[in-house]
Amino acid sequence: MAPLPLQIINLCAALMLLLSFAMLSQRRVLTLVDLFALQGLVLSISIGVVAWNTGQPHLYYSAGLTFVLKVVALPLILHRLIRRLDARWESETLLNIPTTLMAGLLLVMFSFALAQPISELATTLTRGTLGIALAVVMLAFLMMITRRKAVTQVVGFLAMENGLFFAATSATYGMPMVVELGVALDVLVGTVILGIFFFHIREQFDSLDLSHMESLKED
Amino acid sequence: MALLILLGMPLAGALLLGLLGERRWAPELNVLASAGTFAASGWLTWRVISDGPMLVWNQQFFMDPFNVFLVALTALVGFTTALFSRPYMRIEEHHGRVNRRRLRLYHSMYQLFMFSMLLALTTNNMGILWVAMEGATLATVLLVSLYRTPASIEAAWKYFILCGVGISQALFGTILLYFAASKLLGSEGSSALLWTHLDQIRGQLDPTVLSIAFVFLLVGYGTKVGLAPLHNWLPDAHAEGPTPVSAMLSGLLLNVALYAVVRCKVLVEGSVHSSLAGNLMMGFGLLSVLLAAFLLWRQKDIKRLFAYSSIEHMGIATFAFGMGGPVANFAALLHMTVHSLTKSSIFFTVGHAAQNAGTQTMDKIRGLVTISPTVGWGLMLGTLAILGMPPFGVFASEFLILITAMHEHPWTTPILLLGLGVAFGAIFSRVQAMVFGETNLQRLPHPPVLLPVFAHLALVLMLGLYIPPHLAAWYREAARLIG
Amino acid sequence: MNITGVTAQCTEIAMSVAAAPLLLGWVNQCRAWLQNRRGPGLLQPYRQLRKLFHKDAVLAANASPLFRLVPYVEFASMGLAAAIIPSLWTGLPFGAAADTIALVGLFATARLFLALAAMDIGTAFGSLGARREMLVGFLAEPALLMVFFTTSLIANSTSLPTIADSFARHPLALYPSLAFAGVAFLMVLLAENARIPVDNPATHLELTMIHEAMVLEYSARHLALIEWSAALKLFNYACIGLALFLPWGLAQGPADPGGLLIALPATAFKLLLVGAGLALIETLNAKMRLFRAPEFLATAFLLAVLGLLVHLLLGS
Amino acid sequence: MMTGYPTELIAVTALGCGWLLIGLLALARPHSVSWVARGLFPLGALAGIVLTGLALAALHHSAQTLVLPLGLPQLPLHLRLDALSAVFLLLIGATSAGISMFAAGYFRTGEGTAPGLLALQYHLFLASMLFVVLADDAFSFMIAWESMALSSYFLVTSQHRIAEIRRAGFLYLLMAHLGAVGILLCFGVLQGGSWQFSFAALRAAHLTPLWASIAFFLALLGFGTKAGLVPLHVWLPEAHPAAPSPVSALMSGVMLEIAVYGLLRVSLDLLHAQVWWWGLAALGLGLLTALYGVMFAAVQTDMKRLLAYSSIENIGIIFLGFGLTVVFQAFRMPVLAALALAATLYHCLNHAFAKSLLFLGTGSVLHATGERNFGRLGGLIHRMPWVAWLVLAGTLAIAGLPPLNGFVSEWLLLQSFLFTPTIPHDFINMLLPLGAAGLVLAAALSGYVMVKFYGIVFLGQPREARLAQARDCGRLERLGLLWLAAGCVFLGLIPVQMLALFSRVTEELLGASLGTLSQHWWLLAPLSAQRASYSPVAFMFSIVAFVALTLLTVRLLYHGRVRRAAPWGCGGSSLTPRMQDTSEGFGQPIRQIFEPFFRLQRELPTPLERAPHYRVQVEDRFWFWLYAPAAALVQRIARLASVVQQGRISVYLLYSFLTLMALLVLVL
């Protein structure tokens, strides 16, 4: 029987994976954002547990930062943007959803296989979760590939960051503080810039659909 | 101290320009800040040359011959680009493509971009390196979309998403690196992310983790280098942004990204004890050269043309770093130097040419040499230099790369040469048509500043015929570091 | 180089120059006989020359100095060629100054100048003739040189007197390669001297003429020199043929007065035979259509090359 | 044997820098014709004469070397002046002296590039050729080599407003670049793992026969491209005519020979000519080139294109000699190899003089009439006697007629062919003499070509009325032409002395001198006087004497009366200049005989046409066999490649994703 913290973290990991799949299959953009916020919440909980377990103070900061950023700030910004831009529905995905889910399943298996040799080296309690973190990253990647709306692509991008953070905590008990701060700053600034971009895109293309943005190519 | 000025100067410039950017003398301020940065880089270089590598500020910053030369190069090109940008942006304003508010954004982001590149180069922390690279992306996204045309928005969006995703992979790689190192160095503080520390223990790092990490790092930073097939953002971003930004992207950002890849490669090579990393880089390099060379034949837009040429040259440099060894590394460093000097000078002339014609479509640019001899000859000579014609420096580096390839991996030489030959035909046929012939262009409202162009070309010419002993020793030292 | 040598050399040139119209007359006479005509007599060419020399020269209004110079160059070239070719003696001093290759070059020079002169006036005929002449030349020259090559390889020398010497002094040997070379040479001779079947010296029909078309604008002394050099050319070619294929009886060097006594009648006799033979060939053959001429000459060239190959293959 | 202080080498280097300096000086007042043309070009010509002298002096010393503190750190620039370089320096100096002198009078304002810039490019061109010859390591060789290509490219495109010229320039530089790639690869193979790129090291490197053969063929490819070896010749007839005439002269007369120098340097000096079939390949290609070039020359309608094709022919002859050299050397017959090499070098020199002369002549014609097309020229001997008579010397020389220089080299080459049956190889000794047949055929055809060239341009009646306004060239131009024409005659008369000079080269490269050339200074008798001899002096003297004698005799014995009359009009009305034979007509027999080699496009008039129109165009088959398909292939691959960049961001992300996956799989 594993110690309790480990069980919690494993549970969080499973939840994150589940949420990733949920996001992959979700068409409503607002729900997608909610799911993203939920994932952020799970992430911050897991970071908190790791912090509690290892007693590293900077992980508490990290958990707090994650919470503020990914559960509160970003979903809020996204919600407001979506309302103002009226982009609630995802149009048809490039790959239909069942197929996407099947592909996602394969990706998860691949990620586990990839993480196997790495996890064996890990000394941390949470090493088993590295595969899941990688799977989350990959699933987010898949989502970005298959979606057509600018907003969903951004959500996918942010979900990828979630997976990265999860990897950072689960595998290594968090990156150095400086780095985490920097990463957080980048994410925030990036989201703001993206927000600005949405307006530009709408101004120029009258829609957030990415199919309008295929003019730059070789012919 | 020099480092402080080096990093502080653009940061302060960014803030100041962010506040005062709408003034009429903002471009001059931009030049001034860049000049200050350049001076600081000179000072820093001199310090490193005289005192050897330095490690400062809680070991967070690190200067060795490898990065100090890139710092100097970055600061130089940043300075000359600022010089060029002054009349260029005035003309753009005159043509009504930008207004004062945009110019404020432009100048401020310009300095921020410089800052993040210099930070990426000087930091010792792989995490900060990542942060700085991402910061550079963010700064340039706004620069690329400066004109707010549909095309520029599209280009910026693609740039942002592709590079963002790419750089996320790099973060994952960095995490894995940290993971591998923290077992040996402990996770206290940031020592497990400091390159100097990693470099010392690289032999003990776990090879499996490191090779997986390298894949992520290579794909991540490789996206920014513009390696095929991760290059797709590059031509769009180069073509749609303002020309000074294209010059900086091609001349500097790609170098910085390649720098990051090479730093990672050093660690991985040390750990894995096989040529895996090198082979991967060679593969990407060759693919980039070939793909870019053929795609060059399909170009209609002048800036896209040279963007593909940048992909090609980054491919060559990556290939050379992949081969490794003193000569190839030396050549690759030299190639980075001459490429960024040449390419930025080309973009300077290209910018003015496009302004002369009022379009970037190559079919509409004719007879540059008649309407503006300096722009025309600058473009012609720059093109010949970039195509690897002696006596320019690009030839020297390509010569070294080719002979090394012939020696170490003979089968790659025909591929490289095929790429170079095809690229030669593609670029030259177009440039010749633009430079020579009857003209249909208009004169510019402001006289172009072409000092940067010819200064760069003169430097490239010099490097082709004579590499000063100091510089050579420096390159050699850097090549030795890279291994 | 001694005084005897120079004297002999000059004598030889003088005799060639003097005898050349005679050979032409002989050929014409033979032809007339073969064609059941009486013929104008052996000396007709001399009369012709005399008449021409007496006339006033008429030059085209736009003739350049080159036009006036060419007859002299022509004549000099052929005279010089006579010096190279051993018609009576071998081992004359000038023999060393030019070998067979130079001889071919000399003929080419003469041809080139004549062609240039033909183009000088700018009439349609002139340039037509020049073009045809050069066409004949560019095929005939290599053939001639290949003939020389074969003989040179046999004799290990390119010097014509040496070749003749070595053929004459060596015990009789059968050289199959020389048979090919001989036929090729004969064909070249016919073509180069504007003989039937390539050209007809007696015609002025514009569709077919080659040599005559080139010299249409010449008159009086210029024409005389040209005609004379044409005769000399025929003489030279005949002597080349003799030196290569029937070299017996030549005097060995100028210091051999006894040899001359044999050489003179021997050469005269051989030339008589050659002239008669030529007349026979010309009578038996019809003039070819012009565009067949390249085929004729290509055959000559091929034969010459074949001769060379046969020599290399059989070593004889 | 490095001896003494490299005085000549330093002087030559300084001279090269002097040329560069002249070029830079021209930039001081780029638009002033009087400064550039009357001031600087004669200075450049003077430098050429000095260079000639220095080269002659250097031929009497052993090799000199110099290392400059320039270039790459591991590979400083090495310079070396040995006999082979000296011969080619002689060629550059002597020829360029004449050309520069001509150029001084030739360049005027208002023709494309500013005169100052032109002068810069011109002198850069000269200097780079000089440094090609001096270069003693791969890197400096490549720099000089490509600078040569680059500067000549700019010269070619100086009248860049004309679309064909731009096209020609592009083709030229592209081919030059491809050739340079071949040379670079060749050096890469040559170092054979030693990692040393000085020629001294390359010379010492030991290669297996396979690698040596690869190196040789790369060299043949690289230098052959520059020299215009068929089938790599397509750029030549486009680029040479496009350039201003002094530049055409330099390119045809000097640059092509520099390419030959490169080949000689690599294959004889660095590779030691080990394998006999290299020679056979060079010989075969040379033969093909010679015949192909002359055939195409015969059907041209543009006088400069005709000369360009004639250059191809001469390059073929030079390669023929080179191939023979290699064959002899590989069979260890150094004396014969020396003879063939001497012939090759001699032909280089002869071609340099004669072809430059002809190109300059066309330049004068072009200036006087503005016409390059044979169809609109004619009768210029009356208007431009100086040009016409001096060009005649070049015409005769190119046609290979005694006693001028072209004959001597062909004579020597034929003499060496006569020794091929002694080669100890059963098949080769029969095959090679046939090469002589080809050579003779080419030489004879070149006579045809030269008659066409000279006859149509200078003789006959002017085909256009405005040709009557043509003026003879100026004094400086005359001087230049005179220098080159004198060179043609002079080189024809002193073969013995020239061979003595070449003997130093053969000693150096092949280890055999030409032996005792002759007892007499005037009698050329290589190997043995019994075997073959030729005395151009006696020849020249006799023919002049004979002409004089005949003239005198005729004058003395007969009257000198001359009447002028209209030419015979065939019994009809007066002749018009349009009734003269055209260049198309002159080429017709050749077109017919060699029809399979040409790609002909004919437009024949139909009987019903109001304005009947006849046009015939001759095109190069190689272009359609080799180059057009290659270009189409590149385009096709490019079109395929452009699928990669099709605009959709999802696909781009997919690439990234797949790359990541693939690499991960690879790593695992």
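Note that the chains are named A, B, C and D in the order they appear, and that numbering of residues resets to 1 at the start of each chain.
Heads up, the rule we're going with is that a residue touches a chain if its C-beta (ideal position, glycine included) is under 8 Å from a C-beta of that chain, and two chains touch if they have at least 3 such contacts.
Not measured: the values here are computed from a predicted model.
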List every chain that touches both subunit B and subunit D. A
Count the touching C-beta pairs: is C-D or A-B ahead? C-D
Separation of subunit A from subunit C, taking each centre as the mean of its C-alpha atoms, in whole Å: 101
Interchain centroid distance [CA atoms averaged], subunit C/subunit D, Å: 35
The distance between the C-alpha centres of subunit B and subunit C, rounded to whole Å, is 78
Computed distance of Cα centres, subunit B from subunit A, in Å: 30
Two or more other chains in contact with one residue: find those residues in subunit B. 157-158, 161, 165, 212, 235, 295, 298
Could you tell me which residues belong to subunit D and also touch two or more other chains? 641-642, 644-645, 649, 653, 664, 668
Which residues of subunit A are in contact with two or more other chains? 114, 117, 141, 144, 153, 213, 215-216, 218-219
Which two-chain combinations touch? A-B, A-D, B-D, C-D
Using the touch definition up top, name the residues of subunit A that touch subunit D in the complex. 94, 110, 113-114, 117, 141-142, 144-148, 153, 210, 213-219
Interfacial residue positions of subunit D with respect to subunit A in the complex: 641-642, 644-650, 653-654, 657, 661, 664, 668
Residue positions on subunit B within touch of subunit D in the complex are 157-158, 161-162, 165-166, 169, 211-212, 214-216, 218-219, 223, 228-230, 232-233, 235, 276, 280, 291, 294-298, 327, 367, 369, 384, 387, 389-391, 395-396, 399-400, 402-403, 406-407, 413, 417, 420-422, 424-426, 428-429, 432-433, 435-438, 464-467, 469, 472, 475-476
Listed in rising order, subunit A residues that touch subunit B in their complex are 114, 117-118, 121-123, 134, 137, 141, 144, 150, 153, 157, 160-161, 164, 167-168, 171-179, 182-183, 185-186, 189-190, 193-194, 197, 200-201, 203-205, 213, 215-216, 218-219
Residue ranges of subunit B in contact with subunit A within the complex: 60, 125, 127-128, 130-131, 134-135, 138, 141-142, 145, 148-151, 153-158, 160-161, 164-165, 168, 171-172, 175-176, 178-180, 182-183, 187, 189-190, 192-193, 206, 208-209, 212, 235-236, 239-240, 295, 298-299
